[in-house]
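One chain, chain A, appears in both complexes that follow, with chain B as partner in the first and chain C in the second.
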Partner chain A sequence: MTRPTDEQRRGMLVDMVTARVQAQRLWNLQRQGRVGTLAPIDGHEAAIVGAVHALDPDHDWVIPQYREPLALRRYGTEVLDRFLLYNIGHPAGGHLPAPLRVLPNQISLATQLPHAVGLAKGLTLQHDSGVVLVFFGDGSSSEGDFYEAGNFAGVLGVPVIFLCLNNQWAISTPTHLQTAAESFAAKAAAFGFPGVRVDGNDAGAVYDAVDTARDRARAGSGPTLIEATLYRLGAHTTADDPTRYVPPEDLEAARRDDPVDRLREELVALGLWDDAVNAEVEAEALDIFDDAFERACAMPLSDDAMLDHCLAEDTQRMARQRERLLADTGGAGG
Partner chain B sequence: MSYHFHLPDIGEGLEEAEIVEWLVAVGDTVARDQALVEVLTDKASSELPSPTAGVVVALGGDEGDRLRVGDLLIEIDDGSAGDADPPRSEATAPPESMPAEPAEASAESHSASRASRPKASPATRRRARELGIDLAGITGTGPGGRILDGDLDAARASAASRTGATAVPAAPSTTAPRGDAPQLGQLPAGRHPLRGVRGVIARNMAQSWSEIPHIHSLDELDASLLLDLRTRMEGMGRPVTPLAVAVVAAARALRAFPQVNACVEGSAEGDEMLVHERVNIGLAVATDGGLVVPVLHDADGLDVFSATTAIEGLAARARTGDLGTADLTGGTFTITNYGSLGGRWATPIIPPGQAAILGMGRIADRPVAVDGSVEVRPLLPYAFGADHRIVDGDLLEAFKRSIVEDLAEPLRLLVDP
Partner chain C sequence: MLDAINEALHAEMARDDRIVVLGEDVARNGGVFRATEGLFEKFGEERVIDTPISEGVIAGSAVGLAMAGLVPVAEIQFLGFAYQAMHQIAGQVARLRYRTRSRFEPQITFRAPFGGGVRTPELHSDSLEGQLGNLPGLKVVAPATAADAKGLLAAAIRDPDPVVVLEPLRGYRGIRGEVPDGDHLVPLGSARTARPGDDVVVIAWSYQVELACRVSDRLAEEGLSVRVLDLRSIAPLDVAAIADAAEACGRVVVTEEAAQTGGFGGEVVATVVEEAFWSLEAPVVRVSGYDVPYPVGMLEERYIPDEDRIAAAVRRVLEVA
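Take a look at the complex of A and B:
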């Protein structure tokens, strides 16, 4: 059992508070028509931050689904920059350049899971000691890709950690309509590797579970499926009205166990956090966010930018498309 | 210079939205991210926050107007070198950099235009909604009488200690009907768009009237024991309303006869009978804005006490216009209490998506034959309406009998059916 140190927990809380306030600002930008549809992070902060704090950003890979990027601060400010480019619809947002070990957002449910297994297999072939952590949701676990990825991962014994953020809702489908299994973690039995269930509102518990899974992966013992149970405190996306289906009493109960509040109260009790620190962290988070958003909006956008990050090099057909596109728009290439 | 905030597509592929409520007025100073307006799209109701800090120069529409995505929503003078600018007086020219003011302070300036509405921040309003507290009954302790979160807590505490003394809304009444609102029926000659609540009522009623073949069954029941229950429970500080008894009785009848808790739905293979899983009872409530039907979800889980409390909360939110989408959708059966308006007989229309409705008239003393002699008893006139496509007379009468027997002898609700 590896509990994070107080200093690590403080670092986690900085990232969680940052994600929370930046998410609110991002939501506002969407309501102001300045970014596209997005999925709020509220309620997922402890699970995501706790998990990535158990990783080594220089070696280990993170594959997000679409709700996670604001909580990946541990991987550097470039992640936020690229995420905001993605949110304003700039194709450069779909490219996270080396040495960043983070893949872009994935909207097609569960397709990131086979990617993770392939990436992990590639690392072993390259004798790279990194492990791959991939996020997905309770709804994604019903996709065929989940079972294919889990099966290959088990058979190949690759260094991958499947982290299911079970937030109780797949848009409006509650978990009891999602699976008849006892838990999502229980599905690991079919793949032949361990499945564990942790309190996703406890950043330290998630850290511990990921740390153990990472040790296992690095020792060559293969994958782990972790189910972090939590509650989606916001809407599924900006196009969703959860008041139509989330029982208010359930939401209120979940709010009483808000993961950010929980860690904050623990650290306040230890004398490691107070209102002044909180205000400072929030203000800095918003400054960082506003700067990044300004940079994103100022990013040049060539008429053929949509073709820039599809493949490392243009195929002949893409080159022809690029030429025709630029001829049609009269624009300059990127 | 001005920032022109155009109505954004806040869903996925929205074309238009209705302005439900302006939270700011022309001349107000607004902070960045301060809520400006509540809009209703076909998906949800949302607050749109200000993209900038500045002074409101113009609003793009009135409450109730529908704007298309891309239409000007609001113009805010933010001192920036923004896009083309209409002429305006120098008095509104803001300093180069507008200090961000908290929403609490700036929203006061529009109190004049909305004097009838209690002052409170959107967050406090939301919380009051969640708690079922009517802001109209609260004295605010904030600046300018603004209602703060603490005031809600105080109101809640005092309500908790004031058991039994609460006025019961929308209950079948032996007293005079409520006074008519002064604006009832008042409209100038001319054409008026059917929009907002009026538009929804118009569409629903036309659909029901044209699609559902109604049958009605009307009768009266002796409400002596029902009124006796109310009086005696009131004496114990545990208020129970006849309407709440009707809700509980109806819920158990709907469970006993699921075919009534149903509706007809078209599908590719032709019409189908959809039997609802949950029992959600809508209560028709007259408001100044028109008829609304808030829904008591899972009414089969309520007893007469919790039903009384839940009805009170819904009625309070209906009066203040604070009902959310969840409050207004999902009904599987409806009770309409035209007795509160003074009515005795009516043949109510079944809402779309349902198969039956119960109408309750005004309880009044009337002569009845009891054991061969004429006695005066309080009688509750009622009307059941049903969709004859799926409910025949025998089922309607059995369903009706179950509810009527429970209303005539509420103690039956203590006994398993």
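Take a look at the complex of A and C:
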């Protein structure tokens, strides 16, 4: 067992509280029509923050699905900047610049899992000691890519950690309609590497599981599948109405085990956190967010940005299309 | 042609140690067609990787390998099995550069045999140029000669964007020809005049070029001058070469193995009409497979356009005074 130190737990709570209040801000912006459809993080904070705190941002890679970015503060403020650009629909939102070892959101579920396997293999071939942590959900585990990636990862023995955030819901589909297996972790048996289940509302427990998996990966012993069980406290996305299908009593029970409240209460009991600290962290989180959002909205966008970065060089056709686009918009290239 | 492909793979792997070959049976067996013969012995198991039977993860792990700075050259054993990788090829590989604003260079090559004529079981002979050609961010080439098989593959591997190299199943052993020694690169997106001529142009790619050339030779005995334009590249398309050939000849036949509706030939016809309408002396004639799934062995000879069907199309386009 490698439990995080008190100082590490405090750092985790800062990130979790930050993610929670920034998510609320983002939700409000969506309701004001200022950002596009997005998937709220509520209920997933402990699992994501606990996991990335067990990583070394200079070496280890994080491959998100799409609910995670607000909780990746450990990887630097650039992640938030790019995530907000992504949410306002700016193409630069997908560009997480080097040397940041974070990939942009993945919308096509489970397709990121084969990427993780290839990336981990590539790191090994280049004698890079980094480990790849890849997030996915209970619903994604039903995709073929999950099985293909798990199988190949097992065969190759690559340094990858598959972290399943089991939030009990794939939009409206509950886990018992997703799988008849005893757990999502149990699926690792078919891949030939360990599968463990942890309480995803316990940041320390997730930290511990990822830390162990990371040691294993770095020792050349191969992948681990971790299932973090938690509960989606919000809607699937801003376009979803969970009151149509989530039993209110289940949601109520889950709220009583809110992961942010849980760690906060533990740290308050230890004298490491109080209302004043909490208020300070929330205020700073919102300042950082508002500042980043303002910068995102001010990010320039050239009239022919649409045609950039499709190929290294325009084809004959694209060059003509660019000309026509610029003529139509009366603009200048960027 | 197979030797040319094998030669290109050996030369490229020796030139650039970032290149990793992966696919089903590519290492110890040297590929089911022996295209990767000798690579495993020469470059070792780190750079020549046998994968599980798992097209999705072949394509998907290539994305990850490219992100790590490597240059994956993946084999899809038969193009028809690429349906099982299409979500990765279309949804991920083709848009990796676009969605990351070039943070990652998708220097990824897929090689896949395709096309009919060798009596394979179902799905082995499908032609997917139409589908692949409609994926922005992806390049697609289809050599018709041994020299181009070498030159286009080498160029594909060195290209910073993802390229699917379609290799004619029937051509592996059926197409023979001189192959330049040493470094030989054929630029992607450049068509080739396979036969000169000015009465009519047959536009084709891959094995259909071979057939069109035979038709051109045959009809030359009757005094007809049939040009053959080998596109070589589906994407990027050599629009200028198509326009030039159509303007010079005024009569155009487009031939392909795929089903007619939605096939890439339709795009070629549209290009002819857009670029050279006022030079046309007759409606463009298409030759293609039928609008059915690629059929089983006893039917395939009727399905694939053969010399007679191409020759008939040439005569038809010449009928209009």
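What we mean here is this: the second predicted complex is superposed on the first by the 312 of 334 C-alpha atoms of A that agree within 3 Å, B and C clash if a C-alpha of one lies under 4 Å from a C-alpha of the other, contacts with A are read in each partner's own complex, and residues count from 1 in each chain.
The rule we apply is simple: contacts are C-beta pairs under 8 Å (C-beta built on N, C-alpha and C of every residue); 3 or more make two chains touch, one makes a residue touch a chain.
Bear in mind that the values here come from a model prediction, so they are computed numbers and not experimental data.
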{"item": "Superposition on chain A - do chain B and chain C clash or fit", "value": "fit"}
{"item": "Chain B versus chain C as contact partner of A:Pro300, first or second or both or neither", "value": "neither"}
{"item": "Partner chain in contact with A:Thr37 - chain B first, chain C second, else both or neither", "value": "first"}
{"item": "First (chain B), second (chain C), both or neither touched by A:Ala239", "value": "first"}
{"item": "Superposition-derived angle with apex at the Cα centre of chain A and sides reaching chain B and chain C, degrees in steps of 10", "value": "110"}
{"item": "First, second, both or neither for A:Pro99, with chain B first and chain C second", "value": "neither"}
{"item": "Touching partner for A:Arg25 - first (chain B), second (chain C), both, neither", "value": "first"}
{"item": "Which partner reaches more residues of chain A (counting touched residues only), chain B or chain C", "value": "C"}
{"item": "Partner chain(s) touched by A:Gly271 [first = chain B, second = chain C, both, neither]", "value": "neither"}
{"item": "First, second, both or neither for A:Gly330, with chain B first and chain C second", "value": "neither"}
{"item": "Shortest CA-CA distance between chain B and chain C [superposed frame, angstrom]", "value": "21"}
{"item": "Chain A partner contacts - residues on chain B that touch it in the complex", "value": "5-12, 33, 43-51, 130, 324-326, 329"}
{"item": "Residues of chain C defined as touching chain A within the complex", "value": "20, 46-47, 51-52, 54, 56-57, 59-70, 72, 84, 87-88, 91-92, 97-103, 105, 136-137, 139, 159-161, 189, 235-240"}
{"item": "Residues of chain A touching chain B in the complex", "value": "25, 28, 30-34, 37, 238-241, 243-245, 248, 252"}
{"item": "Residues on chain A engaged by chain C in the complex (per definition of touch)", "value": "91-92, 94-98, 103-104, 108, 111, 113-123, 125-126, 128, 144-145, 148-149, 151-152, 155, 308-312, 315-317"}
